[in-house]
Amino acid sequence: MTAQKSLKDLLTGLIFIGFGLAFGYAALSYETGTALRMGPGYFPLILAGIIIVLGVATLLQSASGPDKTPIGRAPWLALALILGGLAFFGLTVRGLGLAPALFVSTFLSAFASERTGVGGALVMAAGLVLISMLIFVWALGLPLRIFGPWLPL
Amino acid sequence: MKRILATLASVAALGLSAFPAGAQNYPERAISIVVPFSAGGPTDTVTRLIAEPMAKSLGAEIVVQNVTGAGGTVAAGQVAKAEPDGYTILMHHIGMSTAPTLYKNLPYKPLEDFAAIGLVTEVPMTIIGRKDLAPATLQELIDYVKTNKDKVTYANAGIGAASHLCGMLFMEAVGTQVTTVPYKGTGPALTDLVGGQVDFMCDQTTNTTGQIKSGQVKAYAVTTGERLASLPDLPTTKEGGLDMQVSVWHALYAPAGTPEDVVKKLSTALQSALKDQKVIDRFAELGTTPVAQDRATPAAHTEMLASQIKLWKPIIEAAGVAAQ
Amino acid sequence: MDLIANLGVGFEIALTPVNILYCFVGVLLGTLVGVLPGIGPTGTVAILLPITFTFEPVTALIMLAGIYYGAQYGGSTSAILINLPGESSSAITAIDGHQMARQGRAGPALATAALGSFFAGSVATLLLAIAAPPLARVALKFGSAEYFSLIVLGLIASVALAHGSIIKALGMIVLGLLLGTVGQDLYSGQPRFTFGFFELYSGINFVSVAVGVFGVAEILRNLEDEKTRTLLVKKVENLWLTKDDFRRSVNPVLRGTALGSLLGVLPGGGHVLAAFASYSLEKKISRNEAEFGRGAIEGVAAPESANNAAAQTSFIPLLTLGIPAHPVMALMIGAFIIHGITPGPNVMTDEPALFWGLIVSMWIGNLLLVLLNLPLIGLWVKLLTIPYRVLFPAIIAFACIGTYSIGLNAFDIYAIAVLGLIGYVLVKLDCEPAPLLLGFVLGPLLEEHLRRAMIISRGDPMTFLERPISAGLLAFAALAIVLSLLPAIRKRREEVFSEED
């Protein structure tokens, strides 16, 4: 690969093609039917085809010149912490209840900032849990359990 | 991921069962009734109507939660796995009995994973057509459907919906299959019927009474044994010469393993709610009545559920529908 | 005149202290849940429904309606301030609104949104009072063939949303369409792309997609260069509209109101299309097209007027036909029933006080909203001075609770994480999230109506051309393609000629 190519377009093209292949492959196992009586696989298969074509077009477009701005670095740690925090919330909100699940996931998210230390993140998590309880449970009356069945309370 | 969750949950359940909560003190905190359909729908309305008097007689707050998805099976699956302590219970409708046939990999068994609390109500259904549809009576409609079977379209509110089940029964009773047009819910289906895009459908009185009374749709029959007080001019299917009866029943369930006296307390609260004058009045406006006290019991409803599952299996299989 | 007498009845009902109070409570709550990411009007109305049982029916409905259109106001606030649209219709506002906020012009953006919404709401309410029944009859003429053609037109026009590569924008639309197919197929019951999880049978939640590709992706991008860039937002310049802002907003507001009022009447997607369509229209006819996507005030004024107009006129099918156009209205039908009123066309004649009281209250509600929101602008803009490292964990916390509260489905939270990652990678590669969201919203409708139209027509594709409204819409779509290709062709010819020189 030469520096004359657009890395962004190249990657976008590959991602589009990847999605097209993945959806298309999965859609193959569904009945396609005919154009007149479409099965569940028909529409996704057509879309998969279109996105692959668009992916190829983006690949071709990448030859037209280098990127004007570089892709830049990715905040890997922040990414892992934030996505991990979301996953943790989803996994535990039923079992642990709203307050503990939210505390851990906001702590992880807050810690994702390079400017926030462990102490700061703890304070922020505690504050946010408190505010959330006030807004969602007390003021809006959401039917969510604050402490879940996994906790011996 | 699912397995980890299940393991964690069962470990937690074991830990809890070491300290059995005294059923004498039940209920000590708010009880959640999980409704498997979105808020505002017929099932939700029925739930909210009985929740208030039930809460009063139990002396605890009742919270209605709408857990939607996959024809009500997501909610039922959640309640089946909930702690059997009487604080999470399920309101479900006729779909409880059709899901085992409609969904091949159902993550729960209606009869084994639930303890029935009791039947709540049976909502009648009405057969209605677009207002310029030629036939004037049910008998004419049947003839019309038979002679125009390649032209007639039947609308329903999606797989497993009451309107879908009623349609299957109708076509079986008439002996003719017509083109079925599925919609995402009753609202859009009714819109297209009122707009004349489809020919006829069959849905709960909860959804259709307003449209019938205002003459926006043509009503052919009600699917119960007797005429309705709210629509006294509408003949029954039997009067119209059609051998089919169906109503959408709603019932309450607790997870299997819930202490018997807790189920009994809930059942008693349900029975007293069904005697509440406000509930009776509102149900009447929906074209339904609370069921008799002896049917709002765990034993009676368990029996009913078993027979309903048996009833629907061949009908759904014959129609060749499976949502997997 | 009947109308005056009817409106008189309406004012009498709507202006009682109790009703004004609950109207205010409704719009205040609506604004609040609209601003909070994740939780929306549907969840709020569902929770508050039982509380309204003890109210007079008209009071209950006034409050519930207030929550619905109040949330439209609030949704634009979070779209502008933190680039997180609360409802599908405010996704468009985020494009230019958030750019304005970054340039220190959050005040004018919020003011335009509030004033445009108020104007649009007033006009649409008047339309509701004058022409509800005939408009409802027109809406009924829309069958699946018409909806399909309308969505095709919407998708083609939406290419205007892109301010970068058109191919990438198209790719994002198609990716959105594909994501929209996840879940159980309506026609066969076949679960698609669900990996065997029952929780995915009802598809991916819109809120998860919006929070993921807008919210999380935006947060990750901001965390990239925390050390080098300290201030997220340039210094706030002014809170109010300049003369120039005002002049530039007037026509977009008028056009947005007209488009929104009309599209809002269509049950099933009309209110979503309204914002997208008006934005595309403004971009096409604007003299400063290049500014769109970089903070053009027209890009806030038009879609905000359109979505608020549509929010009002989407009550037309509910009030005249008893047909809900939005989940909130399905809940309101529940409220009708619980209060012993049979929803349907009879409401207008059987319950004139309720019907006209509700309509008049909508205008009062819009007035309350503008009175509530204009002073709040200063407060909202101050929100931007909160250090980002404090703000973003709060966004994540609120988004988690809000999203989870909709269906108590943990998969909606996982979807945020997955879509956040996909969104972040694609945004980093210069793809835009708005077309993806549009595809995601319209995709399932496109497939549903296409297949239904084919079933009803017995497999005859000519149905799209034989039905006049559908044919007209498709002709518009064809025209839009030709118009968008013309400049490109002309440009190429010019290039060819210049090379020959």
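By written order: A, B and C. Residues from 1 in each chain.
Definition applied: a contact is a pair of C-beta atoms (placed from the backbone, for glycine too) under 8 Å apart; a residue touches a chain by one contact, two chains touch by 3 or more.
Note that the coordinates shown come from a computational prediction; the quantities given were computed from them, not determined experimentally.
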item: Central subunit by CA centre of mass proxy; value: C
item: More contacts between chains, A-C or B-C; value: A-C
item: Chain of greatest Cα-centre distance to chain B; value: A
item: Inter-chain centre distance, chain A versus chain B - centres from mean C-alpha coordinates, in Å; value: 36
item: Centre-to-centre distance between chain C and chain B (centres being mean Cα positions), rounded to whole Å; value: 33
item: Euclidean distance of C-alpha centroids - chain A vs chain C, Å; value: 22
item: Junction residues of chain C, two or more chains touched; value: 187, 190, 408, 455
item: Set of chain A residues in contact with two or more other chains; value: 91, 143
item: Residues of chain B touching at least two other chains; value: 64-65
item: In the complex, chain C residues that touch chain B; value: 42, 45-46, 49-50, 53, 139-144, 184, 186-187, 189-191, 196-199, 201-202, 267-268, 317, 321-324, 327, 330-335, 337-338, 340, 342-346, 407-409, 448, 452, 455-456, 458
item: Parts of chain C lying in touch with chain A, wherever the complex brings them together; value: 29, 33, 36, 39, 43-44, 47-48, 165, 167-168, 170-171, 174-175, 177-178, 181, 185, 187-188, 190, 192-193, 216, 219-220, 223-227, 388-390, 392-394, 396-398, 400-402, 404-405, 408, 410-414, 416-417, 420-421, 424-426, 428-431, 447, 450-451, 454-455, 459-461
item: Complex interface listing, chain A residues touching chain C; value: 8-9, 11-12, 15-16, 19, 23, 26-27, 30-31, 34-41, 43-44, 47-48, 50-51, 54-55, 57-58, 61, 71-75, 78-79, 82-83, 85-87, 89-91, 93-94, 98, 102, 105-106, 109-110, 112-116, 121, 124-125, 128-129, 131-132, 135-136, 140-144
item: Residue numbers on chain B that touch chain C, as the complex places them; value: 2, 38-41, 44-45, 48-49, 51-52, 64-71, 73-74, 77-78, 102, 105, 107, 150, 153, 158-160, 179, 181-185, 187-188, 190-192, 194-198, 206, 209-211, 213-214, 216, 281-282, 285-286, 321-324
